[in-house]
Structure formats: C-alpha cells, structure tokens
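These notes open a run of structures that come right after.
Paired with subunit B in one complex and with subunit C in the other, subunit A is shared by the two complexes that follow.
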Partner chain A sequence: MKVTFTAYHAVAEWKWDLPEDSDDTCGICRVQFEGTCAKCKYPGDDCPIMIGECTHCFHMHCISDWLHSESSQGKCPMCRQPFNQKVAEAPAAPLRTPGGVAAGS
Partner chain B sequence: MAGMSGKRLQKELAKIQGVLPPGISLVSAEDLREWQMDLIVPDNPIYPPDEKYRLRFHFSTNYPIEAPEVVFMLLSTPERKIPMHPHIYSNGIICLDLLDKQGWSPVHNVESVCISIQSMLASNTKAERPPGDAEFVRSNRSRPRDINFLYHDPTV
Partner chain C sequence: MLKIWSMKQAQQKEETAQGPAKKKKVTAAQLRVQKDLSELALPQTMKTTFPNPDDILNFILTLTPDEGLYKSGLFTFSFAITQNFPHEPPKVKCQQKIYHPNIDLEGNVCLNILREDWKPVLNLNAVIVGLQFLFLEPNASDPLNKDAAKDLQEDRDRFRRNVKTSMGGGNVRGETFDRVMK
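For the complex of A and B:
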C-alpha cells in the first residue's frame, strides 16, 4: 500500500545537545547529526554522536570507522589532534526532548 | 554501490553539479566509482590558461575513510597533458600528502582535493618532473596509494 502524506503536525522535535559552535552535519558522512550515518536506518539513540575533547563532533559510527582505519593514527579528522571522547558532560549527549513527529492522517 | 561511499558521493555529486570554484569542472561521474574533473590553472605562465588538465578520481567502497586514488590522465581527444610539476610524474601519479595514508582526512572531498591540486599547480615555479621520473614511470607497478613517496623537498 502506498501512503501519501498531505499534511502533518509536528508536536515535538529533538536535537542533540552539542557544543555551541558545532556544525550541523557530520564532517565524515556529510549528513545532519540528527540524521543517521551511512549505515544506520534510524536516527537518535541508535545512531548517537560522539564529541571529542577537541569539541569536534561526528556520528559515533563514522568516527569509529575512521579511528579503526590505518590512516587515522587516532587523530580527529578536523584538527588532527588525538581524538578522545569528551567525558564529564554526557558523552553521547542524551536527547533533550524525547519524542518524535506525529503524522496526521 | 554498497558501503559508506555511495551516499556520501551522491551528496558530493549533487553539490558539485551546482556551483564549483573557478577553473574546476566536472566531466563525468558515471557510476560514482570513478569521476573525471578538468582543471584550469590561473595566473601561472607554466600552464597556459586555455589548457585543461584531466583528473581521474577512483573511490573505494570505504571512501571517505579511505582516500580516493587521484591521478592526471593523458588524453589525445580532447587533448589533456600531464602538467609539469616537481611532484607530478609523467604517468600522471601525484605526490601530495593529503592523498596518501598519512595525510588523508575524511573531511576532505572531491572539491577540496581539486582546490588543493589547483593551488599546488598555481604556486609552482618549476616546469620540471620529480627526480627519477623516468625510472619510476618505467618500473612502478604499485597503485598510487601504496607508494611511499619521499617528500624530499617540502618547499615545492
């Protein structure tokens, strides 16, 4: 069955709680942080964000693919500092407003 | 094409089909695995402004975790020469840090690689080939990414 949406009313939206001057998109896959990495189907908790001590953010799956590759030498793709996950302030930042978009019928 | 590269390349292609920096143009991107780009080098008498140089990008399914393979192509129609440069071998292989395993970062993209190569040509003052060019071209059987270049002269 094919369904066509004619209208929807968003009742809530969510955003990752990222450092203030972060980009909107992951520098590795070029998809918005609120979207998924190239391998995931569902955004949100299934495809979290990892924030580095250098404040650069990536989809966790993207940065981990990079860090596991031989070329990375453990460095941040942006600033080439050693990439270490930022701790203290909730590593993979939790959702500020859980919930989603409600589709109208 | 499976893996990570497909989506990312599709995004890059959509952007590249819009606006590109001056002197850089897309020639083909037929199956997302291999793209060809033409470059013009402005303001350098070594490279006539009406001469275009053809770059071939080859992407593995692991792009952008893995660097693309980027070489200059020698063609007769349309005529495309291999630009003279102390880091470009006469078979088109380019010795540039951002294209090898040590220098690559997945935040680079086709456009930024083209810009780097264009500026490497624009700032060149020597119309010569790398030392040992003839020997390298005769004997090299490795793919560009597997070659360990010696950066003998980082000033060029």
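For the complex of A and C:
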C-alpha cells in the first residue's frame, strides 16, 4: 500500500526547564509558567521565568514588580528569604581567550 | 523550516496595527481577584456580596461566628482591592463600631497579613481565614483598641462581659457600640 501525504500540521510542545518539585503556576499572578504574566500577550521569551536561589520561580515581570515595591524588602514572596536570581551553572568547558583561538588556528 | 521568528514579527505588526486597546482591558488585579474568588472556600459562617456585580474589586464580607466570644454576632467588612493587587494587600475595614482588641473604633483591622506580612502569594482566602481567626482568638498583643486589649489581658471574664454588652449596642468605658446581634 502506498500512502501519500497531502498535508500535515506540525505540532510542537515546550516547557520551561524549572527546578524539580516546583509548582506549575506563578504564585504571584497564578497563571501557569508556560502562560504569560498578566501584562504580556505572548508566552515564551517575551515573558521569561526567574528562578531564585531558594528555587522558587516566578514570571520575571511578576517578581520584579514585587521586588521593586517597598514592602517586599527584597524577599521571596514564598519563603521570605532574600530573593537572588539563581546563577546558571558555569559552562562545562572553560572559555578560550580570543588570543588562544587565534594561536590555535 | 518553520519561520517562528517571522511569525512573531507578524504578530507584533498586527498588534501595532490594531493601535491602542480598543476595548476595555481586564487588568492584572482583576484577573488575579477573579482566580482568588473562584478558589474561595467559604464556610457557612461567611458570605461575600457584590454591591456592584461589575466591580469585583470592591465587595462586602459578612461574618457570623458560630463559636467563641463573638458568637451570634453579624459583622460586615468592606474589601477594597487596588490595581496594585497582589503586590499590595486588600484594604479591609469593619463596617460596624465594635469592641475588639484588634479592630479600632473606625473599623481598621490589625492583622499581620493585611500589613507588614503581606506577600503576593497570599490570596483572598488567607485574608478571610485571618479575619475569622480574629473573632475566634482576639489577640491582646499589638492591639488597635488598647482598652479592649487591657481587659482581655487582665480579666478575661470582664472582657467577655464587655463583648456581650458592646454587641448588644451597649456602652463600654464611655463608648457606645453598634448593635451587631444577628
């Protein structure tokens, strides 16, 4: 039997790479992380997620609004520890200096 | 290849073409309040009413404690939520003049989560549970009505009597209170 495709719809799914056990909604706006904060229209890169050192996650716009308010005192709204963005793990290979690259080629 | 980038540009173009919002925009605060209200799990002793059904940011909570010193009273609280919600707590006021260590004669409420301990991950349910708790366990530390707090601390029986008198619309320490019996 021969099958001929006349048309197809490609479907893709994406998810943020969040710490294990994290909620699936932002505690501030209560919208899913894969959705947008209340101010944004399009999810994804336009409305990114911020992960704290305490592993609590929020839409970047939601948490920055909170951290800019006086009453926040810079604390995580979940655990009240000082909220600092978790620094991404260092790249596996050390970066080469431009000079080194030139010498190697 | 899928041209996601050009799709995005098309979206943006469309957005600017539409010009400034043509219909009334639902604000972030409204969205969040809507979610909070849909998740409210009110016990039989509490009820919300919306004087203006189109305005979910302002409503009344009726509380009728079925135990504790304030049993069989009927208290109403006005909730006013600003556009800054959930970054700012709702403004909650008791609409009756009552004798309570944590509520002053103007109806201002002293509840930590309505003030210094507010955080945006708290929801309206937390506030409402907090209010209910104030009526079950009035708290003499950090009071708004110092006389009532003193009574509660020094002589619980006197406090109980004063609560009863005040709830009946009586006079306690020269202040006349609103009658709040159901």
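FYI, the second predicted complex is superposed on the first by the 78 of 105 C-alpha atoms of A that agree within 3 Å, B and C clash if a C-alpha of one lies under 4 Å from a C-alpha of the other, contacts with A are read in each partner's own complex, and residues count from 1 in each chain.
FYI, contacts are C-beta pairs under 8 Å (C-beta built on N, C-alpha and C of every residue); 3 or more make two chains touch, one makes a residue touch a chain.
Everything quoted here is computed from the prediction, not taken from an experiment.
Chemist: Clash or fit: what happens to subunit B and subunit C when subunit A is overlaid?
Modeler: Aligned on subunit A, subunit B and subunit C clash with each other.
Chemist: Using the touch definition from the top, say if A:R80 reaches subunit B (first), subunit C (second), both or neither.
Modeler: It touches subunit B and subunit C both.
Chemist: Which of the two partners, first being subunit B and second being subunit C, lies in contact with A:A38: first, second, both, or neither?
Modeler: Once the two structures are laid over each other on A, A:A38 reaches both partners.
Chemist: Applying the touch criterion given at the start, work out whether A:A10 contacts subunit B, subunit C, both or neither, answering first, second, both or neither.
Modeler: Once the two structures are laid over each other on A, A:A10 reaches subunit C alone.
Chemist: Between subunit B and subunit C, whom does A:I28 touch in the aligned arrangement: first, second, both, or neither?
Modeler: In the superposition, A:I28 touches subunit B and subunit C alike.
Chemist: Just to be sure I read the superposition right, which of the two partners does A:S71 touch: subunit B = first, subunit C = second, or both, or neither?
Modeler: both
Chemist: For subunit A, what residues appear in both contact lists, the one with subunit B and the one with subunit C?
Modeler: Shared contact residues on subunit A (touching subunit B in one complex, subunit C in the other): 27-31, 37-39, 62, 65-66, 69, 71, 77-78, 80.
Chemist: Looking at the complex, which residues from subunit A come into contact with subunit B?
Modeler: Counting only subunit A, the residues touching subunit B are 27-31, 37-39, 62, 65-66, 69-71, 73, 77-78, 80.
Chemist: Spell out the residues on subunit C that touch subunit A in their complex, using ranges where they run on.
Modeler: Residues 2, 8, 11, 15, 27-28, 31-32, 35-36, 84, 86-88, 116, 118-121, 123 of subunit C touch subunit A in their complex.
Chemist: Which of the residues in subunit A come into contact with subunit C in the complex?
Modeler: Touch list, subunit A to subunit C: 10, 27-31, 37-39, 41-42, 62, 65-66, 69, 71-72, 75, 77-78, 80.
Chemist: Taking the touch rule as given, give the residues of subunit B at its contact with subunit A in the complex, in rising order.
Modeler: It is residues 3-4, 6-8, 11-12, 62, 64-67, 101-102, 104-107, 109 of subunit B that touch subunit A.
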